[in-house]
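Several structures are given next for inspection.
The same chain A turns up in both complexes below, where it pairs with chain B and then with chain C.
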Partner chain A sequence: MIELVQILIEGALVGLVYGLVAISFVVIYRASKIINLAQGEVLVFGAFLLWTFTEGAAGMGYPLPLPVAIALTLAACVAFGWTIERSVFRPLIGQSGFTIFMAGVALLILLRGLAQLIWGAQSRSAPAILPEGALELGPFLVNTRLLIGAVFTIVLTQALHVFFTRSRLGLRLAAVAEDHTTAHSLGVSVRQAIAVAWIMGTVVATAAAVVLLSGSILSLEVAVIGFKALPVALLGGLESIRGAPLAGLIIGIFEALASAYLDPLTNGAASGLLPYVVMVAVLLIRPYGLFGWRKIERL
Partner chain B sequence: MLTLANVDAVYGGVIQVLRSANLEVRDGQMVALLGANGAGKTTTLKAISGLLHADHGSVTVGRIVLDGQDITHADPSDIVKAGVVQVLEGRKVLEHLTVHQNLMVGAHLRRDRAAVKSDLERVCDYFPALPELLNRTAGYLSGGEMQMVLIGRAIMARPRLLILDEPSMGLAPILTQQLFDTIARIKKEEGLTVLMVEQNARAAIERCDYGYIMERGRIVLHGSRQSLEGNQDVQEFYLGMGAGDERVSYRDIKHYRRRKRWLG
Partner chain C sequence: MRPTGIWFSSYAAEARILETRRARAWLGLLTAALVCLPFLTGPWLLGEMTNLFITMIAVCGLYVTVGMAGQINIAQSAFVGVGAFTAAKLSGLGAPIWAVIPAAALITGGVSVLFALPAARVKGFYLALTTLAAQVMFPIVILALPMSWLGGLVGLPVSPPSLFGIGLGTPSGLYFLGLAFAALAVWTTYNLPRSRVGRAFRAVHDNDSVAGVMGIPVTRIKIAAFFAGALYAGVAGAILAYLLQFVTVSSFTLFASVWYLGMLIVGGLHSPLGPILGVIFVTLVQEGLHSAGNAILQSGSGLGGGEVFAASSVVLGLCILAALIFEPRGLAHLWTQTMTAFRLWPFPRN
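Showing the complex of A and B:
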């Protein structure tokens, strides 16, 4: 029993971090109706940027205080997100879904190559921003890094919900998420809103990178987390900020259970496969996810 | 206040929809723009509010001037900032937002929180059904309720010129009456100027100060309410009345219209 609860706790925490990555998909999708296939690469790029301003700068003899390094990373992420939107996706506004899909694939390969060009292919240790260790809660052990990440995900979800329903900028983004023509007619600058969404998505992905990688190995392979979070975003509903962490919880817990009980029987394949089984199931049964926007049809 | 001078509008670079359209809206007027389907009414409105680009259209010739300022190729957001707000046809509420959020999106350019709040109360006063609907999801409202939200949302932007595209579309006659009465009240109390496209020609002509009639992209007739009401063509073609004040059947009107087109 204790073992089962331990598995559930770990699954839930990891799942909430998947939820964080899923939020970065959702923020971008809402405004631009684009599923950014390269979101995992964006996350890795954010992690490498953080490495550059921490370990990288220290290695070159210019150690920066952590708050300064984080501020610089944030600024670089803003510039990075804006550049992707401006250079790849803005020129494609109004193009077909297929064109945008292919542009996403191209961006994925391009970012991978760029990261290798700038930082090299070798893996390195990611800066340890969050404390490593485990909290003892009675008989259970809770990973502090994941716990902080999970709490951050929940707080961020609530903050984004308030942002999208109360603030002027958030309402603008919500209007753009609904319908571009209507947003135009209300004087919302759709381009600006999409740019803001890309910047937000990039920053959230980098925050997820911090939680996932703090103190562990940073390499290009980490980008696969993007494809792991995509089923989470689909299950939660591509338009729903609050659906993402909930879907993350579900997938995280199922993955942990599969990894404990099915993997020994399947040579470790079950847990890796599970998110994609969920993805196919969601697309077949409920394509708008748990909380996504169903097209309202009135008769 | 607003002048369209010799405006041509083209979709997709080839399909000409407006041909040398001239139109003037004076301060405080209610102006009606009438005509058959496909006459170019909606295109005229979109040309004014800068929304043609979204439909791959553009104004190729002519000028649109608002209070001395050329807005022909201005950005839609700048046009809204200049005080021109269009209510699109077809009940374009933001479906998944609540009514309250819909109304607040209307005020997204305004920083004066206190004034926004009092405007919200005024909108609820114009449409007494709204306060109870504030927390409802807009996509599930009835057609009449949606139209209230749309007009309320436009008012939240504090426009000087309100552009309405077929506000009565799909509404029962009694609702249409109420809606037009409310629009007239809002216009008076807010000191608004209104430009309205309407299929319900009789209701529109009754309430406007000035009217324009379009056919195939041109303004073919314009005049004050009295002159339009007295005009025989308008009576025959748009109000469905024959010379002796008896109703002409729809087929006859269609026939007339076709003949008129053939004869140029």
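Showing the complex of A and C:
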């Protein structure tokens, strides 16, 4: 029993990290109607930027205090998000969702190449920003880094939810997510929306990178997390901020249970397959995800 | 638009793909050149060309699914992998090549149908996600199955092909194999849009609600689009297996699927010429960067093969973006425009 609860706790905490990465998908979609396949690469870019300002700067002989490094990283994320909006998505405003999806494919290839050219393919240790260790809660052990990440995810979710449903700017972004042309004709600046979306998406992805990688290994392969979080985002529904961490919890718990009880029987395949099986099953029952907007189609 | 002086005296003549005698002559010349190539060059170029043919077959399949039917498929590389593993397994059991290639195509098609079945309820990007599931599941399943089935982490050896007692395992044999099937793939890709199914694909691509109202069985057509695209992937995988002589999971990654999509976008999504031009262009760029990289390597600046690959990633990414932003119809459209301008010279193209 204790073992089961321990597995559930770990699964839930890991699931909330998936949820955090999924939020970075949802934020971009919710504000600009762009499904960004390259989100994993954006996350890696954020992680490398952070590495540059902490370990990289220290390695070159200019050690920066941590708050300054984080501020510089945030500034670089804003610049990065704005650059992508300006150079890639502004010319594509009004194009079909298919074209914009393909632009995401292009970004995926481009960013991976760029990251390798700038930082090289070798893996390195990620800066340890969150404390490593475990908290003892009765008979259970809780990973501190993941716990902080989980609390952060929940707070961020609530904050973003309020932002998107209550604030004026958030509602304007929601209009852009509904339809570019309609939003434009109502006087909403689609350009501004996409820029805001990308800046928020990059910042959230970098935060996810901190939670995910703090004190472990940073390499180009980390980008795979994007494809692990995409099912989570779709499961929750692409328009729903609060759906993402919930879907993350579902996927994380199922994955932990499968890896504890089914993996020994299936040669280690079950925990890899299960998130996708759950995702396809849920999509068959609810095609727009758990909390997504149900679209009405007209001829 | 046709220039003046080209006219038809029968419907059959008008329906031809190659309308003029000059076009047919050019095709004959191209065929002759491609057939003569193995007798003129060495094994390096032949290997490159065979690779190009295999990629072209796979991207033609992607054109059918993505370009014609509008269903996003990010698992083409996994489907190629299914074809390759099927071919390796069957050839290991002693099956002849004329049985292996169709079997690989059909089994790959069957696997793709499995992942296209959610089309009954899910549509749009959510459907593309099931193909992502296929791509991610493929290596996990292969690695988890017992070693004796599909080789697991080690991979499967492939016995060299032979047809009617003639060994096809040589570079030129594989070249002809690739050439024959690439020609078949291109021929079918050009003819599919003119068929009933092809028009149904196009209708589903343009607007699936309207297609349903017109009496097209939308779900069945979407599944058929995935099946057709995967048939090409299966053939490409089988030939790739014969070329590599050893198949492992690591050759069929998600990134390769994305790369295939990139080639299709650069070439053009709306014309059967797209996959051909896209594959040739990207291969040329890759080879150009490769030789440039080698030149730099010899000058001793310490660049490795990884950087060359990264540089070609950057170039391909920029090419796709440029295509999407400046010419969404891709190289295929540029090609037709150039040809029209050339034909109408000195009059301006309207």
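Just a few scattered comments:
We adopt the following convention: the second predicted complex is superposed on the first by the 286 of 299 C-alpha atoms of A that agree within 3 Å, B and C clash if a C-alpha of one lies under 4 Å from a C-alpha of the other, contacts with A are read in each partner's own complex, and residues count from 1 in each chain.
Note that contacts are C-beta pairs under 8 Å (C-beta built on N, C-alpha and C of every residue); 3 or more make two chains touch, one makes a residue touch a chain.
It should be emphasised that the depicted structure is a prediction, and the values quoted were computed from it without experimental measurement.
Once the two complexes are laid over each other on the shared chain, residue contacts for A:A269 go to chain C alone; chain B is not touched. Of the two partner chains, neither chain B nor chain C is touched by A:I217. By the touch criterion defined above, A:V188 reaches chain B but does not reach chain C. In the superposition on chain A, A:L141 makes contact with neither chain B nor chain C. Once chain A of one complex is fitted onto chain A of the other, the partner contacts of A:L171 are limited to chain B, with no touch recorded for chain C. Using the contact criterion defined above for the overlaid structures, shared-chain residue A:L230 touches chain C, although it does not reach chain B. Using the contact criterion defined above for the overlaid structures, shared-chain residue A:V155 touches neither chain B nor chain C, since it reaches no partner.
Between chain B and chain C, the partner in contact with more residues of chain A is C.
Of the two partner chains placed by superposition, only chain B is touched by A:W293; chain C is not. Common to the chain B and chain C contact sets on chain A are residues 298. Per the touch definition, chain A reaches chain B in the complex via residues 94, 165, 168, 171-172, 174-175, 178-182, 184-189, 239, 293, 296, 298.
Residues of chain A touching chain C in their complex: 35, 37, 88, 91-92, 95, 97-99, 101-103, 105-114, 116-117, 120-121, 227, 230-231, 234, 266-269, 272-273, 276-277, 279-280, 283-284, 287-289, 297-299.
On chain C, the positions that touch chain A within their shared complex are 70, 72, 74, 118, 121-126, 128-130, 132-133, 136-137, 140-141, 143-146, 207, 209-210, 213, 254-255, 258-259, 261-262, 265, 306-307, 309-318, 320-321, 324-325, 328. Chain contact summary for the complex, chain B toward chain A: residues 49-51, 54, 56, 75-77, 79-81, 85-88, 92, 94-97, 101, 104-106, 108-109, 111, 139-140, 153, 157.
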